[in-house]
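The following pair of complexes shares a single chain, subunit A, combined with subunit B in the former and subunit C in the latter.
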Partner chain A sequence: MANHQHAAPAPVGGSLVNIVTLSCGVLIALMAAILVVRFLFGLGAVTNLNDGYPWGIWIAVDVVIGSAFACGGFSVAMLVYIFNKGEYHPLVRPALLASLFGYTLAGAGVIFDLGRWWNVWNMFWPGSINPNSVMFEVAVCITLYIVVMWIEFSPVVLEKLGKEDARKKVSKAMFFIIALGTVLPMMHQSSLGTLLVVMGGQVHPLWQTPALPLLYLLSAIFMGYAVVLFESCLTSTAYRRKLEMQMLTPMAKIMLGILAVFIVVRLGDVIVRGALPKAFAPSVEALMFWLEMACFIAPLVLIGAEANRRNPARLFLAGILLMLGGALMRLSGFLIGYETGGDFNYFPTLAEVLVTAGLFAVEVLGYIIITRRFPVLPREDVQAAH
Partner chain B sequence: MGTRRDFLKGVMAGGAAATACAVAVPAAARETRPRPPEALGLLYDSTLCVGCKACVAACKQANNNPAEFSTVDHLWDTPLDTSGYTFNIIKMYRNGTMDQKDQETNGYAFMKTSCMHCADPSCVSACPVSAMTKDPVTGVVGYNPDKCIGCRYCVAACPFGIPKYQYDSPTGRIGKCELCRHRHKDGHYSACAEVCPTGATLFGKTSDLLAEAKRRLAMKPGEMNRFPRGRLRPAQEKALQGKPEGKGVMMRAGWRDEPDQSYETPAGKYLQHVYGEKEYGGTQVLKLSGVDFEKLGMPDLPPDAAAALSETIQHNLYGNLIMPFAVLGAMTWVAKRNVKPEDESSDKEGN
Partner chain C sequence: MGEIDGIFDTSRKTLEEIEQRLEMPRREFLQFCATLAVTMGLPSGAEAAVAKAIEAAKRPSVIWLHFQECTGCSESLLRAEHPTLEKLILDVISLDYHETLMAAAGHQAEAARKAAMKANKGKYVLVVEGAIPTKNNGIYCKIGGQTAIDMVKECAADAAAVIAIGSCASWGGMPSTIPSISGADSSPTGSAGVAEVLGKPVVTIPGCPPNPYNFLATVVHFLTFGKLPEVDKLGRPKFAYSRLIHENCERRAHFDAGRFAMQFGDPGHRQGYCLYKLGCKGPETYANCSTLGFGDAGENNWPVGCGHPCIGCTEKGVGFQKPIHQVAKMLNVTPPLQYPRIVEEQGKAASFASAAAVAAVAGAAAGAAIMLTRNLGLSHAAEEAERAKDAGGSGKRASVAKAGE
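Here is the complex of A and B:
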């Protein structure tokens, strides 16, 4: 049961003005300026999108990869509430916060990319929806999940505002919200993979398979844990707090278990479909495939042994590698391994990169402000140094 | 140890559920859809095409599209490919000395690029808001800008690279051939077929066009034969269907009356392949050629539509929301046991 003795969450405190928050502010301002141009003059004014590559990094990175990076909340909540591993409870709030930002921004990022954004209500209008469309399912699930996550996170805000009654009411229904918060990401993370199926032979055989939903779901789960490893290490360093090794070490083991299953499915699928020879062709795609595989296999070597999982540097590196591996698989499926024929090329413009960076900056800035002012991270005797 | 066992149980249940889904897929597979029986389409015969591009100009006019320039003088509409403003284009294949038309080496050939109006279109399956639809009777794949959210999933999904987006506009639309469905009510059919001087682009019911294509494949190359122009006339349709010609037959769909424009010309040297008969589950636009279709820019596609597989996966996982609700039920039950009301104990102590 979840009644382990943990330090209660508390605001970290400290100043909100420092080099990191200021840099974030600059990036956000740049993004805003670019978006003004985009909405006034169209997508072509700021992006390199074309009819051979109608989806660029705003979709592949901000939405597909960004939402997978935001699976920490879902992965940890599953661990704590579904598999009843109460000892991980202190990880829930920070992971949820990062997920909340990741998803909310992925949702915002979609709007930037929609060519006819004012019609977006059709996505929820019974007379317009198309249940055959994978994107319809993804969009509805992600929208619902963003709402669900805000409710999951609301006790933190209500606690800060001193609204105890409201907080108690929300808490009574929390078990259902948490259950929804595990089912919805399972649905849309798998469907983000299924999005590619209808593109058929335009997606390189190393990334086009009916197993896409399973591959994307499994990878989203271990990427969720990888992100938590990454964030915990980073937060501890930045705020000069103790590393939560007693939680991170066993969690890394669970992550490796899911990773192992994933690798078996990933390789098995490529072999069964007879696509393996494509991985040995002299092509960019083959190189990307092995880069991706290296990122998946390296963590098994790096933290495969229990002793190595107690080493924060190794955990941090393994976390980064898995985030990278999952990101590469998505980038290859959606962009690098996507080939529609004809003489189309795509490489993002600086403006596209800046918008992606700006979204990331909103996330970092929000995380800093909220952890410093709201009770998210476990209380610690040593407070933030600055 | 109890929690570990719980944990493993959870993992196994999850795995079993996932496996069950994977196994269930072929069981309820959605087949690739056939064309509607009254499907309308075009037959493009590359061997008859002279590359005059009257169809490109007529398409521009019929769809109110602006000219696109690829030359410095900006005098003529010279699009190099279909785009958000160009729904139909004639492309040219050139090889070596270009001595002979419809010849692969040292020859040249033309190819029309426009929407194929798939029997089971990927764009329609992909569109989340039903802005891209397939008419249940005519099978025309139409676009509705008032619903379109501009996500461009249709652009990404189409194996022919047909729906295109207007990136230069803040209110950009998707542009594609809709077989001039807006002109049908006035008795007009596809403008490209109406103006084609050689009958290289022919309008009609796809089933008749397929029969016409097979009739041409059976011809001896160089032998004089009669070729229809514009659209297939009722008498020609009946002949192709193997029925005796009758009088007073209602003209289907009320096309405007026009004189028989068929003419005699030597038959081309065809590849024995009707492109679009089987590709991706079949298309309503069919093509004949003397040069390999892939060389002319038509992709080599499998006989099944990707939409069928995509929707099979989608509906096995989410059909009627049975599985999501089952998983939600299980998760709620487990969470109810594991979530202490509030998690208060730990939260309160700190405050």
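Here is the complex of A and C:
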């Protein structure tokens, strides 16, 4: 990495009050109000959850999709530190920041969704844990990863506070933390797929397969890169900075490689299991399956050619499509293609939607505040002078 | 493992022998041994030891005495529908004296008992069925001119183990019930259990009648390990009597949910609700009725399964003493203050507000994405155009682009 010279990260600066942060504030206030009701009067007071659908969008979107969106940090760290691609180093901090918020809020989302949330400590209490449970694996792994990410991100805060000594001390242990930060997401992102495997025949055959752990892991990795594309383009546009095309273009190629492997596994699995006819049945599930496949295949067309990968519009669109595809796969497995029998029915209430929107607003607001005030993004003037 | 491998060695001679002796296929025999081992809660591998012990054909002599009883215990043992259970009872043990089953009669029978006791001194198992009358020196029950008290004392003296089967032999059972007439302080004949008469603890298998498997498992434990199983303070084997019936009851969920049958034949009773309020003694009775099907006729074949409250027949002080429909005393659980709903909500379809909110979020995201993509595309086009204009020259843009690549 020594041969890669990058501009040091610096705060972007500027005002914290604008139309975006104010909108986020409103959404967060709405969420807080709903959560007060939720914690005082229980889940039934604000959600449409029932015995047939004990998990709603707070789990399927906030946790399962939210944590997959938060895989940018892990995907980029893997590229930089495991495969030693130092040229991507400037992407690490912003990606890590987005991941940090994604995961921390996913953890909060779990608490919102727990009926008896005051028992949550049992999950970590040696006497009450059930080490054979998939959910236990996910819970502990995600919790640990949140802590690991905060440590990974701590140099940013320490730099800002001017605590050089502390920062150096943390840096010494960082190789271990980064290794942990790569292993942990691989464990729980695949386990999120295992959660569905455990649900057996309740999940539609198009999404129920023993290969789910692999599918969830692979999709989490390319979704991580997709989120970085999205986040980098969005940040550059919003802050009127130069686009980081020199990094995004080659990274997109890596992303496409993983995507190709994923598509082969996804389609191969559906065909081998003989579930393909279900994809041609006149059903909502079949429609969702093809929507999802379209989101996965379109990026190959959009940015398959090297010249097209230089076009930020196409990269941005491909990133969005992959995020959407991965999200649809998760949403279909956990809610749309999920059937417990009987007349059970689920559609999120307005309150549920607002809480989910509020969580994403916290993420956006946090990202804006931290990038404007802490050294996360590379210093722009250095690059311009280059 | 060695023992298990031995069991599954089909060429082994003893297995052929046992197939002939018990007239049961090897598979069924091993299943039976495993069932017994599981009933006793023994660790894995014990089924092999059990199988070996039964195979060994060292049938212990068993002397079975009947006193104040209805022979229900013997009947339940013999009427077990498992095709080979009676066969096993008669073949695993050498039943040398059993007043109901033996062919001999009168003095001949008593002689057989004395001969068996002499031949197997210190090695035979004594099983007592029925309570023992103690009033007036026990004159209310005599066999061959001998009172029950004398007979049980004589037989117990040289026995390797004494097992009291049924509630009557365990503590007196139904015959010991004190009638509700003024001045009565004992049953008319002063019925007592075996332990009381012998003045020492014995293994008891209470129940009216007890599950035959509990008795059989106790005997097989004795055969396998040369000692009787661990018992509680009332002499009941812990493997069968350590849990309340209530704890594992098939109707327990109804109890926890507050769904009770209030009278026989009411809608709750017809739907299989909890029988607690009809006087079920499951919450204060220790036995494995709720986990071990009775009489091999399948599960549910026990009082609670049939819709009648448990009367607590295995529990001294409950069975035959408390009125059948008196509400039980809760030993370890009190019903919760709050109950879940009986009718479960099935969830609602999308409301106008929530559907609109989802649509708004999706629309806003899509709109923003399209606008941003368009702007990125426009800036890219502009950049490309500028690059084309600078091409050939040493424009600043081109050098930046190169450095970037």
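What we mean here is this: the second predicted complex is superposed on the first by the 379 of 386 C-alpha atoms of A that agree within 3 Å, B and C clash if a C-alpha of one lies under 4 Å from a C-alpha of the other, contacts with A are read in each partner's own complex, and residues count from 1 in each chain.
Heads up, the rule we're going with is that a residue touches a chain if its C-beta (ideal position, glycine included) is under 8 Å from a C-beta of that chain, and two chains touch if they have at least 3 such contacts.
Given the structure is predicted, the values throughout are model-derived calculations rather than measurements.
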item: Side-by-side fit of subunit B and subunit C on subunit A, or clash; value: clash
item: Partner chain in contact with A:211 - subunit B first, subunit C second, else both or neither; value: first
item: Partner chain in contact with A:52 - subunit B first, subunit C second, else both or neither; value: both
item: When both partners are placed on the shared chain, which of subunit B and subunit C touches more of subunit A; value: B
item: Touched partner set for A:313, first subunit B, second subunit C, both or neither; value: second
item: Touching partner for A:123 - first (subunit B), second (subunit C), both, neither; value: first
item: Touched partner set for A:237, first subunit B, second subunit C, both or neither; value: second
item: Which superposed partner A:354 touches (first subunit B, second subunit C, both, neither); value: second
item: Which superposed partner A:150 touches (first subunit B, second subunit C, both, neither); value: neither
item: Partner chain in contact with A:342 - subunit B first, subunit C second, else both or neither; value: both
item: Shared contact residues on subunit A - subunit B and subunit C; value: 44, 49-52, 342
item: Subunit C residues touching subunit A - in the complex, by the definition given at the top; value: 344-351, 353-355, 357-358, 361, 369, 372-377, 379-380, 400, 403-405
item: Contact footprint of subunit A on subunit B as seen in their complex; value: 3, 6-7, 10-11, 15, 18, 22, 25, 81, 83-84, 122, 125-131, 145-153, 155-157, 159, 161, 164-173, 280, 297, 299, 301-302, 306-307, 309-311, 313-315, 317-318, 324, 327-328, 331-332, 334-351
item: Residue ranges of subunit A touching subunit B (in the complex, touch as defined); value: 1-10, 39-45, 47, 49-52, 54-55, 80-86, 89, 113-117, 119-120, 122-123, 125, 128-130, 132-137, 139, 155, 159, 168, 171-172, 174-176, 178-180, 182-183, 186-187, 190-191, 194-195, 197-202, 210-211, 213-214, 217, 257, 261, 338, 340-342, 375, 379
item: Interfacial residue positions of subunit A with respect to subunit C in the complex; value: 44, 48-53, 233-234, 237, 243, 245-246, 310-314, 316-317, 320, 342-350, 352-354, 357, 386
